[in-house]
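As written, the chain order gives the labels A, B, C and D, with residue 1 at the start of each chain.
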Amino acid sequence: MENPSVSIKHLDLEFGSVKVLKDLNLDIGQGEFLVLLGASGCGKSTLLNCIAGLLDVSDGQIFINDKNVTWEQPSERGIGMVFQSYALYPQMTVRGNLTFGLKNAKMPKDEIETRVKRAAEILQIEPLLQRKPAALSGGQRQRVAIGRALVRDVDVFLFDEPLSNLDAKLRADLRVELKVLHERLKNTMIYVTHDQIEAMTLADRIAIMKDGLIQQLDSPQEIYNRPVNKYVADFIGSPAMNFFEGEVADGKFINGDMSIDLSRYDFLDESVKSSAWFGIRPEHILVNEDAPFSTNAHVDIVEPMGSDTLVWTKINGIPFRFRMDGQASVATGDDLKIGFDPKRASLFDKTTELRL
Amino acid sequence: MAQTGRPTQLFRNMSAKIAAIPMVLTALVVFVGATLWTVYHSFTKSKLLPNSKLVGLDQYERLWSQNRWLISIENLAIYGICSMIFSLVIGFLLAAMLDQKIRFENTFRSIFLYPFALSFIVTGLVWQWILNPEFGIQKIIRSLGFEEFVFDPLYNPDIVIYGVLIAGLWQGTGLIMCLMLAGLRGIDEDIWKAARVDGIPMWKTYVFIIIPMMRAVFITTLVIIASGIVKVYDLVVAQTSGGPGIASEVPAKYVYDYMFKNQNLGQGFAASTMMLLSVLVIVIPWAYLEFKGERSRG
Amino acid sequence: MADTSATNSETTTMVGPRGRKPKRALSPRNIMLYGTLIVIAMYYLLPLYVMVVTSLKGMPEIRLGNVFSPPVEITFEPWVKAWSEACTGLNCDGLSRGFWNSVRIMVPSVAISILIASVNGYALANWRFKGANIFFTILIFGAFIPYQVMIYPIVIILREMGLYTKLGGLVIVHTVFGMPILTLLFRNYFSSVPEELFKAARVDGAGFWGIYFRIMLPMSLPIFVVAIILQVTGIWNDFLFGVIYTKPENYPMTVQLNNIVNSVQGVKEYNVNMAATLLTGLVPLFVYFVSGKLFVRGIAAGAVKG
Amino acid sequence: MKLKTLAAALMLTAGIPLAAQATDLEVTHWWTSGGEAAAVAEFAKAFNDGGDKWVDGAIAGSGGVARPIIISRIIGGDPMGATQLNHGRQAEELVEAGLMLDLTEIAEAEGWRDLVNPVRLLDGCTVDGKIYCVPVNIHSPQWLWLSHEAYEKAGVAVPANWDEFVASAPKLREAGIVPLAMGQQSWQTQLAFDTMMVAVGGIDLYKSILSDKDAKAAASAEATAVFEAYAAARSLSEGSNVQDWNQATNMVITAKAGGQIMGDWAQGEFQVANQVAGEDYTCLPGLGVNEVIATGGDAFYFPKNDDPEITAAQKRMASQMISKEVQVAFNLKKGSLPIRGDVDLTAANDCMKKGLKILADGNILPDGVNVQSADTQGQIQDLMVEFWNSTDITAADAQKRYVAIIEDAD
């Protein structure tokens, strides 16, 4: 990548004998919105804290705008950060929160004023400037927290699960606002979350992390369509992907007496022959339609969700779920014909769990 | 359902009310009743036994003309203000130092806190011994060659109250440190991170962000220190007996001496009423603020 | 973009700062920090050290040396004397009598005061009833009232109850004066217990006492330990109430300590005094060092929230 | 239980005298120094020999510490069997409140009025013509105790009066000896002041101020002289950093100090230290100037009790305390003078004999403790101890405040 905004090279982090990050490399482009996604304990927040300089790395380097900041103080790295708990200074007004860091850096008064005005205008918090955080709603607080990063006028924004403390509706609203904000500011943003919807909707690229390693770094589409390993495939998508265990041989996937023709599947390596996992997303199932592969299914449970309906069945004795239109009339006990296009499926090696 | 007989107001929460009886009795009989009794009798000419011969403000007039009382008040003020300031400052500094992710934190904390487990009698006796000019610090410094060195706070009327203060701080700051440390630990990690990202130096973070956030802790702590200052009787009795002369007298001792030793209950009651009054002057504004705050919060 | 975590960084050589920011163990900050801590720790340890060395010296050595010099010849004589021989007046059975008196005073006082205050704090936190806050406010104000204001009326109250100079009277006094701080402690702690838990128990039909014994008590071990520590040390260390509300045969250890130290027969025996002082301090010190961690944890849970 | 009743019944039928009925009596007092404790042991021994049991309730510290405890117990409805109190004003209100046992009956039966010498002691016990306490000894505060060893070291003769004492002080200083030992407790400074009033101001001044509460006398030039002498004495005690009187006495015994103004109870300490009057130490009554002594003293009161057995035992103790043998044994140990004129005190030492002689000559004064109220005493003590310890206060200031206290005295 030419001129990355943030570049992380061979990063190691140990707490005592526990390795939290392992030889991690990551380049983030100018103006990119990168989401670090993973289950709790995967090291995503740790990585963010390392970038911010809030944690000392054990080995490796961090560059921000081509400047080696590995040993720099957080405030000297040209970053702004937004925290899950907002971390607003409770005894100061909103204005105080926004200006405290700037005043401390001995910035001229009118410059501070300009910046606060701009941030307040962007985030629409002008009426709140004289209030204290305790008198704000969760969403307002989060805006102020963003504002505090904004007034720093930096190139890189770091978000540490900023929406986790909000209720579902507010979270959706703010998500959009964040997206708008990014469109407007065109800053580099690194965003940590465990919520895949946030990741999918916001990210230019998502880095899925597990055990201190980046599993896959790609655009949301790519990650959704072509997960590099079974973990990613399982993690992304809700409801989760269906999996069958079986053998891949002669262009076919065989599970017991079921055989799926894989001629339409994009193999990385055509000649492969091994035990494998076969995965297909519930939303890629076709019902009562012609499909390259189809079978009969007996409906066990129906979960109507309004926009769509989740149906549980068994294929070859293995629990299997698929998604139908919200208006579909289906009931427990029905027998359906279901099928899918193997082109949309994913195959993973049984032992390495890597994509085939 | 509506007809099942709603319990009357009195019997609602009956168990809770029964459980609160000791509190109600203590509050009414001891704290209110006993206090009023004492206040009333401070206007009487009670000597060895309480009586009801009212004499108006005579006892108070006499009280404020007593040199010993004035010295006691002055001592309490010095001791009170100094111990509030020093134990808050020292306690907070110690807590802040222990909060720097240091090694042996537990050891240090145990060392700072153990004197709190000891009584004022023990504290007073030990410090009396250490400050003894013939055996203690003064002698050691002198034996190092500084023959003229003088450090005898317990024998110098001008500074004796500071000698008591040294012992009092030794005993009490550990607890303050613990309270402060707990308060510091209760602060959201993210606040620290935010301050670091904002580039705010550590001391400024403490002064402008952390300390204001610990307002509740500071108030609790002040309450604890204040009630400790009220108790400053045992310590003086054990360490100096009010001496040299009457230089380290405190109001509590004045009260006790007049009530029992000098057999002038009225005078003792008057002095204790004055103590009560000065406590109220401090407590009422604080309580007013506290409760007002609570109402707007709730 | 298909390649996963690989970047072009392999080609660039690793220049500039890398890895952990080097920190010298003896950085000025650390020297300041640990230096200050050690100096202060010495200030705090000094009196304990002085007590121990003085109590192990003979009188001639004390007269010659200073309070800080370690004993040349260690003798346990002062300890034996302080425990079983030191005299107050004609009673030459040392501190041992006071020790057992203190135990007899402390055990019921601690148990009763904590029991009452915990139930009380629980009632205040979870069963708010009309007027409760008024009494609670009075109670907290009570903590500020100088004891001296109430000493005399309490003598009268106890006399009327026939408990003056009896152990029972002293237990009442300790319960009364321990109530404000303990109630505050328990009220704050119980307030921090999730409301849902309490509601769930009520829905399950548990009453006042049922919830207290089956839900609150098992959850509040730390705060009970704190309360026990506060009360054990407080009551053990009490002097004023012990001297006023008991008679000599019931004197607690602190009062006896004061008596022994103050009844000078001939020369002041500093070594015996210090041994006696240490003996008196041993019980709370023991309690403290055994439960040190819980003590701090409990304070964090209860006291600070106020 | 049954066995006990049976035993009691048997004893009664056997005609064992009532006295043998063992009753426990708790006795509170503040005699805890070496000499004092030894003296108390004599009382205890006598009482125990009589078949009863003396339960010792010693309260350490000075009377100032012990009195409140004693009084609050009496008022608090948990009276002890007997208690030491200075007779006179201290117990007045307790007696008036009807809390003390009336001893008039045995006093008349045993003829105390004839026994007690001087009879004034009994007056202190008398309220409205009834006797409520047993005086047990005569104590006189007006003594100067001098260490022979200290003067030997300094190379001066042992002074024979206060003026010589003051004159010899620089020599003692040179030898590294504190001229005047003084405990820091306030009553000690007051005692020294009262004593100097007798010595410097004269007997009449003393009487008019203390007994008659004459404020004019307190403001007089004679009194000013006393204050000046007292102010001068302050500097003599520099370096005497002790609290208790017996520690100060100990400084004299060990020749760390030249002398001490203290009551005759100091003698007990000399005795415990095996010092011999006239050889190791010298005592000067009235500071060697005016050889008079105030006849203060200790007395025992017996708080009223509902239990007739205890009342009986109290009366037994009262008559024992005043008996000849006990008086001799007790006072020899205590270093005080017996309250009866008819006892044989051949065993008495030099100092005691001096005291007895003065007593016999009738050169006696009332003691402050017996004529002033505790309140007045407390105020004077506060003044004196403050004055003694802070050289900022001039003699004139102190006198002014003293006059004010005497004016208000009740």
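Please note the rule applied: a residue touches a chain if its C-beta (ideal position, glycine included) is under 8 Å from a C-beta of that chain, and two chains touch if they have at least 3 such contacts.
Just so we're clear, the structure is a prediction, and the values are computed from it rather than from any experiment.
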Chains contacting each of chain B and chain D, listed by label: C
Most distant chain from chain D, judged by the mean position of its C-alpha atoms: A
Result of counting contacting C-beta pairs for A-C and B-C, higher pair: B-C
Chain centre separation in whole Å, for chain D relative to chain A (CA means): 92
Whole-Å gap between the CA centroids of chain B and chain C: 15
Distance from the mean Cα position of chain C to that of chain A, given in whole angstrom: 51
Distance from chain B to chain A - Cα centre to Cα centre, in angstrom: 55
Two or more partner chains touched - positions in chain C: 258
Residues of chain D touching at least two other chains: 65, 69, 72, 75
Pairs of chains satisfying the touch condition: A-B, A-C, B-C, B-D, C-D
Of chain A, residues touching chain B in the complex: 49, 52-54, 73-76, 79-81, 83-92, 100-101, 104-105, 148-149, 152, 160
Residues of chain B touching chain C in the complex: 9, 12-13, 15-17, 19-20, 22-24, 26-35, 37-38, 50, 94, 97-98, 100, 102, 106, 108-123, 125-127, 129-130, 132, 135-136, 139-140, 143, 170, 174, 178-179, 181-183, 185-186, 216-217, 219-220, 223-224, 226-227, 230-231, 233-234, 237-238, 251-252, 255-256, 259, 265, 268-269, 271-273, 275-276, 279, 283, 287, 291
Touching residues (chain side chain D, partner chain C) in the complex: 26, 28-29, 31-34, 37, 40-41, 44, 55-61, 65, 69, 72-73, 75-78, 80, 244, 246-247, 250, 269, 272-273
Complex contacts: residues of chain B adjacent to chain D: 47-49, 62, 66-68, 71, 132-134, 152, 155, 157, 241, 243-247, 256-264, 267
Chain A-touching residues of chain C, taken from the complex the two chains share: 1-2, 4-9, 12, 14-21
